[in-house]
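Chain lettering (A, B, C and D) follows the sequence in which the chains are written, and residue indices restart at 1 in each chain.
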Amino acid sequence: MEVVVQITFGVIAVFILVAAAMVVSVRNVIHAALWLIACFFGVGALYMLLEAEFLAVVQVLIYVGAVSVLILFAIMLTRQITGEGVRQLTNRWPVVLAIATLLFATVLAPTLINQQWNVPPAPPLGTPEPIAGPAELGRGFVNEFLIQFQVVGVLLTVALIGAIVIAYEERARRRKVLTLAEELELKRLREQTSPTVPAPVEAEPVVQESRSASER
Amino acid sequence: MMEPPFEIEIPRGRVIEVQRDDSRVRRGGGLLRGMAVIWKHWKESFRLNRSYSQIHGTFTIQYPEEKPRIPEAYRNMPILLYDDETGHELCTSCFQCERICPPQVIHMTQAKDPATGKPVPAVAEFIIEYDACMSCGFCAEVCPFDAIKMDHEFELSTDDHAQLTVHKAQLNRPISYYASIAPTMWAEVRESALKKLQGNIRRRPDVIGIAPHLTERIAARRAELAAQAAAPSPAAEPASPPAPSAPTEARKLTPEEKAAKLAAIRAAKAAQAGDGVTPSAEGGTPAEAPPADDKAARLAAIRAANAAKKAAATDAAPAATGEPTTPTPADDKAARLAAIRAANAAKRKQAADSVDTEEGS
Amino acid sequence: MLQTQELQVNIGPQHPSTHGVFRMLVTVDGETVVDLKPVFGYLHRNHEQIAEANTYLQNMPYTDRLDYFNSMANNHAYAMAVERLAGIEVPERAEYIRVLMVELTRILNHASAVGFMINDMGAWQTPLAFGMREREKILDLFEMASGARLMCNYFRFGGVARDLPPEFIPNLRELLVALPAYIDELERLLRDNEILLQRAVGIGILPREVALSYGVTGPVLRGSGIPYDVRKAEPYSVYDRFDFDIPIGKVGDVYDRFLVRIEEMRQSKRIIEQVLEQLPDAKGGHINPKARQNVRPPVGDAYARIESPKGELGFYLVSDGSGKPYRYKVRAPSFINLTPLADMCRGYKVADIVVILGSIDIVMGEVDR
Amino acid sequence: MYDILQALINGTFGWGWPDWLIYLISSLVVVTIILVVAPLQMLFFTYYERRVIARMQDRIGPNRVGPEGIWQPIADGVKMFTKEDIVPEAADRIVHFLAPCVVVAPTILMFAVVPWGPGMTPVDLPTSLLFFFAVSSISAVGLMMAGWASNNKFSLLGAMRAVAQMVSYEIPAVLSLIAIVMIVGSLSINSIIEYQAGLLISNRDLPGIPDLGLGWFVFTPVGFVAFIAFFIAALAEGERTPFDIPEADSEIVAGYMTEYSGMKFGLFYLAQYVLNFLLCAITAILFFGGWQGPGVNWLYAQAITPTNPDGNGLFNVLAGALGVFYFLLKTYIFFFVMVWLRGAFPRLRIDQLMDFGWKFLIPLTLANLFSAAVWVAFTRWGAAEGMLITVGWSPVLRWLAAFIITLAINIGVYLWLTQVYAASQAERRRVELEELSATL
């Protein structure tokens, strides 16, 4: 059984690495995004292998179902549909690779050296159950980590409001096109508010506006 | 909140404003009501319904098994009628339908008496292009002899476009067929139609004007009757069918005799050609030819007509007369055709000249 | 901020909901329509030119093909024009039969127009299927009388081609039981439907003054709140003998047009009932026996118009004294009602275009001719 | 499946096979069954839909191929297989090819956690409900790929609409489920079904209720509102009328499927109908007790189960058959409702759909969440949780109080929301005009 798990892990790990490499190396942005999704899947599979089903499912739900879709949306809305993009890698990618490896090593080397492998540390008596299932997670959120949970909630709400503010524009400015009924309604309103000014002069901008909109 | 709907009186009626009430707050009641309507339809649909006054139930007609009921007046494609008893077609080729037809899909040639070359009130060939026919029914309406009627047959689909150019043999239907699909409409015109037919039959010699697929059978029948009449007693003679031609003449119609007769006719025609009795002399050919030969004969006729037309168009009489000599006729038929062509061209030229002189004066 | 690019989208000529071969070159900003260019002529058949080469009677079946939903109405307008030109009297009974047929046409046209409009909104055929069911019954009646379902070719100068067959009136009476049930059911199904209200209210508004300036007629004009109906404005045939109302809309949006059509079906049913009452007393036969079909009208011109289900349908004929019209012109309501489409769609969403087009109720055969 | 096989092989036959072999066999059997059942359901659904909607339109529907046209879907399948597979010139070939696979795979995966009958869950995950929705969200990626790879404006527009719609409507769907999860206290589909034993009231809310397998959530106010909200969201996720905007043929031809033909097109259809089946099934499971029904629990109590290894195998079969019958019956009824809606309604516009989802359905489900909390508090909490009012009340009284309070909350919120929703739309129109007049 152990061997099977080892082999599976190896396969998944290689898959993740390949996918990650493809994300940064393919030319097409959409393809990169799709490779990223594959990468997320691999991570989900790793969680599954570790018997953390909840995390695996959440990984799929959030990263594959939401984040990647968001990325795809963003790409499609901002880029040309054809997707023929520029190369994602810079010319000096070996340098970047070297620096990244170096940093990675500095962080991970002490851990690798100091870690005692294959010996799971015995849990000291009286430690709580490891947080794994949804029930435990939920309890953790509302008991131990209540403040953190609340702070994250507020942060997300703020982000949400910020997104709305960024996206929000005044309707009138956003909508360049008036419907026929609105045009007439406006004209009527204008006549009501300023009866002294002769109507045709007032009405002209409306007409021009609409015409310019239709010509564009 | 709601204003009373706007209304004014006008002569014999009012102008009413539709009730919109679209400002009401809605809570899904309209959706549920719509669903109730659909539910009723679903529930009732297991009942078969053919009533005009019902709006529920299944109305579908299972087509190939079950044919729709077709009203008498239904008109699909035109057909030609012939009399069941005598086999005579009602059509006299008066060209009324050809003239009225809006898409111009009816074409016909008049039959000629083979002996005299005079036109006979019968049709030699009748073509309708079903593919371009718009089923307007004008041809049936204008026909003074009630010879052309609208059929109820609607399963005309075919994979061969040429089949939609329909010839007389396929257009012919007995009167009894039409009487069965439109009894009252036939009853209205029956008397006058048959009376006119009797009048026309008298002017038709021999098998002219008889439905082509019946000519053989009628000839055989006549021969039989004649044999009967000749053998037992001359008293049986009046019992022969009401065909105008005498049974003695019908007996001549054995192949050898027919050939002889044809030769005679040819000679007569050649003699008459100079007189130019009728512009379409070659129209007689298809009527004489047996139905199997029909197509070839028609082709020859069309070719002859074309040549004649061309000749007339060239406007030069010598050229027209010279033309028949160029092809070397292999058989006597071709020779005859050439003769007719030449005669025609000459005649048309004459006619054109006369018109010219008339207009000139 | 969020900038969107304007995009040109071709809707049609081969598109499920353009009601034939019709192309709309739509400039969209996101989902909002900035501009719309209707492009038509894909179904041009040279109708008017052909008519000038035909005799007067030969044109009758060609008029069927203009607006193939309402062949009876087209026949009526054309027959009236020729009758005016040639001075042919129409017997009373024939007039009643004509009115009967045209009003039946109106019902079937509106039933299918409403159905198609709801189809364009995305209903999966159901309201259309119900409308088609009633339409089939009416077509059965047409078939009984004229011999054909769609291309009726029923009217002749001075009357109609045949008298009504004996089974016609009983069947029509049965149908008159079904029609109100159908109209009520349609109202129950759709009138208060929240989804339909969302899609129809305030969409495709054609204000009164604009409708007038475009020369729009028919339910589209009445939906915009102008009570103009040729049957009342210039009563032709025997329309001055019937009581009926003219429904008009309030705002001029898709919903108003929908309601006006439903109400018009009711009024047509009323007219048919009155025809049935008055028909037995009507004088004359189904056709004027003195009227020649092969007309050679005197030199002159004539214009006849009727209230066809789609609007004012007119035929203008000029005669040079021969058997063929010298000039033949159709004032097609579909074509003229289509002209304000660009203005009606501007500022609405892409999905609204097809609904607005559906609410105008066009038939390309009549638009392109 | 595993326990039955183990009981059969090691118990009945006494062969003593190792665990992993039995596990492997049972996995293979389950996978085979799912792979056979899923397309069959799709075939049946296409036929079922066409027949039902035809009846609603006073027609008969397909009735030529086989008795009553039952082989019609097979004929359609043959047609699909023999059609030419056309890939547009400008399409991205690989992605174009992968997209239908990515769309179909998750729908088949979702079958893994659907319980067909008592003890008939292919994979009994403790987080199966979450798994179901997590996997269902993957197909959005497939739709995106299809729309993008086709290189067609209509396709891309259709895919964007489809994904936007799926993502937005996942929120009300999941929010309405959370209400149920709160009451049950588990993410496992099996325990949700087990909760719904009883008669009109769940066994666990009110012990002592006779167990007829009818203690469905839909009979509670919380469950009912959750059911309505979830079903509407399911319509949107399954792209059913009135939310079939991604393939609105009157606007964008066939949406993301425009450039697909042959069996690739067929695969999209397969995915869609299988997804519809699953959404109907999960509705039946969550709110109508799944396989619960009169008699199933009684039969299952005498069958071979992990807790009762001495049972009779015959009862396994009987309980399973009855359970599957109830389950499929409910599922098919829900699909009937879907078809019914399709027969009755036009479709919404995309912005109206978003409005409805975000401004009506989500507030409604949020309020329902509050109701669910009230429900749990009244029926289950005692003094220890700080719920002092209900101390000393009998379970019946607690249940009644919970019922009335949640009913009042839900009805009130519904009425208020409809009003606010209508008013907001009118207000928006007014404000728009005001802004316009101010700027010009």
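The rule we apply is simple: a residue touches a chain if its C-beta (ideal position, glycine included) is under 8 Å from a C-beta of that chain, and two chains touch if they have at least 3 such contacts.
Quick caveat, the model's predicted, so the values are computed rather than measured.
Touching chain A and chain D together: C. Each chain's centre was taken as the mean of its CA atoms, and the one lying most distant from chain A is B. The distance from the centre of chain B to the centre of chain D, with each centre set as the mean of the Cα atoms, comes to 65 Å. Centres computed as Cα averages put chain A at a distance of 54 Å from chain C. Annotation: 35 Å between the Cα-based centres of chain B and chain C.
Mean C-alpha positions place chain A and chain B at a centre distance of 77 Å. Contact with two or more other chains is made by residues 175, 178, 182 of chain A.
Those residues of chain C in touch with two or more other chains are numbered 126, 130, 133, 189, 193, 195-196, 202, 251. Multi-chain contact residues of chain B (touching two or more other chains): 26, 28, 31, 34, 37-38, 59. Counting only pairs that meet the touch rule, the chains in contact are A-C, A-D, B-C, B-D, C-D.
Against chain D, the residues of chain C that register as touching in their complex are 7, 9, 15-17, 31, 118-126, 129-130, 133, 189, 193, 195-196, 198-199, 202, 349-354. Every residue of chain A that touches chain C in the complex is listed here, in rising order: 166-167, 169, 175-182, 184, 210, 213-216. Interface residues of chain D, counted against chain C in their complex, comprise 53, 56-59, 153, 241-242, 244-245, 248-251, 253, 342-352, 429. On the side of chain B, the complex with chain D involves touching residues 23, 25-28, 31, 34-35, 37-39, 41-42, 45-46, 49, 56-60, 62. The residues of chain C lying in touch with chain A in their complex are 1-2, 6, 27, 29, 32-35, 202, 205-207, 209-210, 251-252, 342-344, 346-348.
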